[in-house]
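Chain naming follows the written order as A, B, C and D, and within any one chain the residues start at number 1.
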Amino acid sequence: MNFQHSEKSIALQKQLKRFIAEHIHPIQEEVQAFHLDPSNAWKKWPGLYGLKEKAKGEGLWNLFLPKPYGGLSPGLTNLEYAPLAEIMGRIPWSSEVFNCSAPDTGNMEVLAKYGNQQQQETWLRPLMNGTIRSTFLMTEPEVASSDATNIETAIVADGDDYVIMGRKWWASGAMDPHCRIAIVMGKTDFNAPRHVQQSMVLVPLDTPGLKIERPLSVFGYNDSPEGHAEIVLDKVRVPKENLLVGEGKGFEIAQGRLGPGRVHHCMRLIGMAQHALELMSQRAVERSPFGRSLDTFSSIRQEIARSACEIEQTRLLVLSAADKMDRVGNKEAKDLIAMIKIVAPNMALKVIDRAIQIMGGMGVSGDTPLAYFYASARTLRLADGPDEVHLSQLGKSTIKKYIKT
Amino acid sequence: MNFQHSEKSIALQKQLKRFIAEHIHPIQEEVQAFHLDPSNAWKKWPGLYGLKEKAKGEGLWNLFLPKPYGGLSPGLTNLEYAPLAEIMGRIPWSSEVFNCSAPDTGNMEVLAKYGNQQQQETWLRPLMNGTIRSTFLMTEPEVASSDATNIETAIVADGDDYVIMGRKWWASGAMDPHCRIAIVMGKTDFNAPRHVQQSMVLVPLDTPGLKIERPLSVFGYNDSPEGHAEIVLDKVRVPKENLLVGEGKGFEIAQGRLGPGRVHHCMRLIGMAQHALELMSQRAVERSPFGRSLDTFSSIRQEIARSACEIEQTRLLVLSAADKMDRVGNKEAKDLIAMIKIVAPNMALKVIDRAIQIMGGMGVSGDTPLAYFYASARTLRLADGPDEVHLSQLGKSTIKKYIKT
Amino acid sequence: MNFQHSEKSIALQKQLKRFIAEHIHPIQEEVQAFHLDPSNAWKKWPGLYGLKEKAKGEGLWNLFLPKPYGGLSPGLTNLEYAPLAEIMGRIPWSSEVFNCSAPDTGNMEVLAKYGNQQQQETWLRPLMNGTIRSTFLMTEPEVASSDATNIETAIVADGDDYVIMGRKWWASGAMDPHCRIAIVMGKTDFNAPRHVQQSMVLVPLDTPGLKIERPLSVFGYNDSPEGHAEIVLDKVRVPKENLLVGEGKGFEIAQGRLGPGRVHHCMRLIGMAQHALELMSQRAVERSPFGRSLDTFSSIRQEIARSACEIEQTRLLVLSAADKMDRVGNKEAKDLIAMIKIVAPNMALKVIDRAIQIMGGMGVSGDTPLAYFYASARTLRLADGPDEVHLSQLGKSTIKKYIKT
Amino acid sequence: MNFQHSEKSIALQKQLKRFIAEHIHPIQEEVQAFHLDPSNAWKKWPGLYGLKEKAKGEGLWNLFLPKPYGGLSPGLTNLEYAPLAEIMGRIPWSSEVFNCSAPDTGNMEVLAKYGNQQQQETWLRPLMNGTIRSTFLMTEPEVASSDATNIETAIVADGDDYVIMGRKWWASGAMDPHCRIAIVMGKTDFNAPRHVQQSMVLVPLDTPGLKIERPLSVFGYNDSPEGHAEIVLDKVRVPKENLLVGEGKGFEIAQGRLGPGRVHHCMRLIGMAQHALELMSQRAVERSPFGRSLDTFSSIRQEIARSACEIEQTRLLVLSAADKMDRVGNKEAKDLIAMIKIVAPNMALKVIDRAIQIMGGMGVSGDTPLAYFYASARTLRLADGPDEVHLSQLGKSTIKKYIKT
């Protein structure tokens, strides 16, 4: 047992921090102003692609992908990637600079693991090159999608094609002007056993019948330029080659997709919480109500101390989950993955909320990243399965582990 | 002791509910769509003034003002007004229909109590008629405004005028196209004892030197059309007649303004929480993950039961505070007023958060009022003094009450 | 709506407080020392009966019973009794001085409401006179007794007798040397519909076959002299006249017994919490770690302020439940009764725990009543149905109230 | 970074578990019954010394001491000892079997680190041999001892002796019939700078003037046979050789004593929490209220899942603190040590409380170890400094770390 990062990992962390300090910090306000201007809705900040090239040139690119694929990734383990995701999480839009942003990361993993050569050539390569973006169509507004077996989108075989009918929402990234491809989860067989009814197909975003109905907001934010879309699939026709792996494999692929994605989300949440902790610590020495600096109030010290404890505990839990995934695989690590999915968003929300409170009115405004952090972290108590689903599975699994037989 | 509302109060509640059911529910979606359209930013929904006339015609007008003023208010007690504020709180923008929206309510109270005849004629009458709106300039970005003695805006006597220099923010309502008047808190004497340095002056919004720099956002909401403004006062010159009461009276007026305003805010929060409770109860019977209706899950029942308990407890506390204010005055009721200011926003946040969770992704979007409720309630842990200030005062006062002498 | 106690109620509160100040405060340490001495286990403090006579002489007797019975009770409403129960709750053993202690109160209510003349003459009269004590045998160690239909004790008709077989525990009061009578819940018909299988019979404590196996402890306390017993009923034979009301009425009687009992418990809990609040307020001005008096620390003030808020909210909720029971009956008030049963013990535990923390090591010792308060309050999250049962019923009932039909 | 214990550590864990399964589990009930019998108060269970010899024979002895001392300890690192302390924590009295129980462990560390040869020969050797026990006299009833500089016990030089005057309490272990030696903290110079006024002296328990006034209880437990004593030191005279290190070194020794002791306490707390988790998991499948097994209720699964998360997070935090202490020393690890001292008792209390609730009435009784666990864990929010002191230090240190300079 050893709680220190490897030298390789520490070197990468330093490199990433330096890149962010040099190239991202100086332009943060410009980027925020660009996206706050309603006339720039759903447009990308023009400087982004230059930055991406710079990052790619430094090898800070596709850091998330455990296996090097065509030389476009350094092939880091989950444990090596985790602290890098934390660093990127401090500035949410920075992940894209390093081609490490959701949902592309999860989609690339799916294509790398389950895509055939043709599918990889057509979609994985440009995704890994960062020239296009992607979306994932799973959740549906009409059913309790926390239970994936409830999904009602139909994928009907018709000659050499599949015809897709359904309505999806929370298609993150679909509003991005560079979004080209959707992975769509639906049912090819409504009469099969519950976990083999589902399949996944690749649907180019310009396929006739696929219509983006509207962007959804999250606590008033539209998350431009990526956004979260509600999408109708009205007799969307794709060739059968667009199927991933095989009919009935959708549920299995969905499960496999989630492990690393959860580690990424959780590490980014830790980055947000850590950033919030630093902001409130800094604020505490700057303000003096009632004749004393805030940092001398015992209640303020307690809030900050509790936050430090909660962040460190969660960081260790996520790192231990990453390590277990690396050692024994996602399946064996499923209880730990459930744990981090439960713990990290709730921890981040608590810490960010305390920081908002210490900031005063500024905390809920756009003058700090805190309100946006809060909205993002809140969403992650719902996305990829609400807390309740993970608690229930973990509870069941824990009971099973300890009952006397 | 008696926990039932009077017949008069019950009749008013029924009348208000009927008005809302007939005239507001049917147009809610239209109003929301109007304000979501960025091209309508800072414009009022055109139908609003017709609705206001209708409400005024029914006597559902200025319900908040304890004393009838020129026949423009029914003169309800705080206890009678409280359940009406709860009903309006369910649909945040509806308060304006009944001329009961902040910050006008507090400003009208100040003018009714501290304004001279001339000031009342010029500003109170049109405010009570609902033809203009107002704002309140207290909080400053540069100092810890939770301690009002920190305020740095200068009000300098210069011949027959005052000249005002300062920077304010969180000027709610200032973006409203009908906003005409600001009550400005500043210091007329920086060397006087701490609580008599402050004065309040009336500053018409079109006075030269008063510049609205920008609207602030709350989470991702801009709260159009009222908004929250950051305002610069650069050598703003007003005649000395615009002073309220007298120099050095600013702190005292500020204290007097806060009591009823807190009851109003708290009752509206209870309306939000109650609305959230009803939404989650309804959702619980509509969704069935894992083969069972949500309302049969013990954890869901617990969330709903706890919410019902917390709402009812807080409602009783706020009503008891209103009753005490009516009986013995705001000053004697100050501990109870501190209690509700602490309890109500935190309670509402808990209940709304549970409702968001039960709603799933829809809960954070604009498809329910919950995310907006959350942002509003969160702000009220900071506005009118952060939790910490009220906790500290109440704690001090409680200790004093129980120590042996 | 009116939040002030009636003059009659205020006068009674004063009288009770004066009695306690004059006759109970001076001997508290003596009584505690008596009961801490292991050689006095299961003995009553000799001075108790003198005190009881004094209280009876002042009319401070059987205050809990809503209907005067044979001139032995003033016949107070629940709303009038509530603040008296709060006062007694501050010193747990004091309830018995006024013949207001559980489980006798609930048992007397059962006998007053469901007992026939003979049963009342034999058992109710001496109970109301305070010459004997009683116990209630409901919970069983072998089944989940939170669901009363699980109970397995058999009451079998045999000629003119019933023969009882079963094992009970948490028979509070059964260790008291004056305990003479048990009300026993069991099943007379295991094949009847679930809620009419149960019956209640009166079993004198000296009936052959009734064996007290052992006293149970609560967090190390044995609660001498009343205690909580585990009791075996081995072919206990009683005449059929000992049946209450009729066969199959046990569940109904149990339900009826619980309403007022819950108000009593909850008001006593508020008394404990209030006492804890006063102790911690007093302590805060007595201690000075790190050069400052504890009461100047913002965190201490917050703990005290939150406690004051939580106590006041719960007090109002319990009073409103008492009022509703008085006005419309226990059945109509069932949601409010569930609310207080959920809210009061949890509130008391939070407040008492904060007081323990502020007291330091002394808080967990026997030098303050706090550790004992904690143990008592913790038990009340389980007794008369665990939180979960009440949350589930209240949740279900709340959902039903708000779903659209 | 690596989250797996070393082979050496795993082997020791197995050996210890096997010893407990073979030699301690079978006699647990006998030991508990012995100590519950009031006539055995302050007596040791006669079989204990046989067990200790057996453990010593197997090398499961003085596992806590990082440096081997005279062949009486295997010299484990903190990281190696931590999981062993967790295992012992499951059965509180078992620590003594392995000569690993507080306060002896801390006292032995002090003697090993600060004692001279004579002091080690006289006191450390028999302590390490397990033939005598010891106590630590620090906390005083009259002052806020959370601030050690408040201590008022005087250690006055008088010729070749020191004369000690003072009153101490919470002297754990002092009631043990084998307790022979006390380490006493007092002031040798009331006028020196605040942190060099204190000194520590060794005081044999039979020194004239040292009087055990009474045992203190924790909730209702007296913790026989070790107990917690209040002790008066009335002109207690010891030779100057009994001073540890030098005058004015008391505060420094106290600080050094606390690091490892906190890791031990925290790991034992994790053992308690883990045991509680297993008990509630087992109970969940055994009980069926309302026709369904408890383990199928979503609320029960959530309680168990949350407990599993909280235990694992805390375990990792404590292990990382142990590792840091091993690598860079207690001083450098002080923030992590503060974190675990804050986090572990609070976590354990939450988990144990949930287990109590799931157990029902049995949970508060002596029929499970839970109520006793609760009382012990509650004490550890106060012992070795209350939460507030650690939160304050950690908060201060965290702010310092993040402010911009």
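Methods note: a residue touches a chain if its C-beta (ideal position, glycine included) is under 8 Å from a C-beta of that chain, and two chains touch if they have at least 3 such contacts.
In this text, all values refer to a predicted model and were calculated from it rather than measured experimentally.
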### Message
With a step meaning a move to a chain it touches, how many steps does the shortest path from chain B to chain C take?
### Response
1
### Task
Determine the shortest chain-contact distance, in steps, between chain A and chain C.
1
### Query
Does A-D or A-B have the larger number of C-beta pairs in contact?
A-D
### Summary
Taking each chain's centre as the mean of its CA atoms, chain A sits from chain B at a distance in Å of 37
### Task
Could you give the separation in Å between the centres of chain B and chain D, each centre being the mean of its C-alpha atoms?
52
### Message
Roughly how far is chain A from chain D, centre to centre by C-alpha average, rounded to an integer in Å?
### Response
43
#### Entry: Sequence positions of chain C contacting 2 or more other chains
297-300, 302, 388
### Query
Of all residues in chain C, which touch chain D in the complex?
38, 41, 139, 141, 143-147, 150, 169-170, 216-222, 287-290, 294, 297, 299, 356-357, 360-367, 371-372, 374-375, 378-379, 381-383, 386-389
### Query
What residues of chain A sit close enough to touch chain C in their complex?
297-300, 302
### Summary
Interface with chain A, chain D side, in the complex: residues 1-6, 9, 79, 277-278, 281-282, 284-285, 295, 298, 300-309, 312-314, 316-317, 319-320, 323-324, 335-336, 338-339, 342-343, 388, 390-392, 394-396, 398-399, 401-404
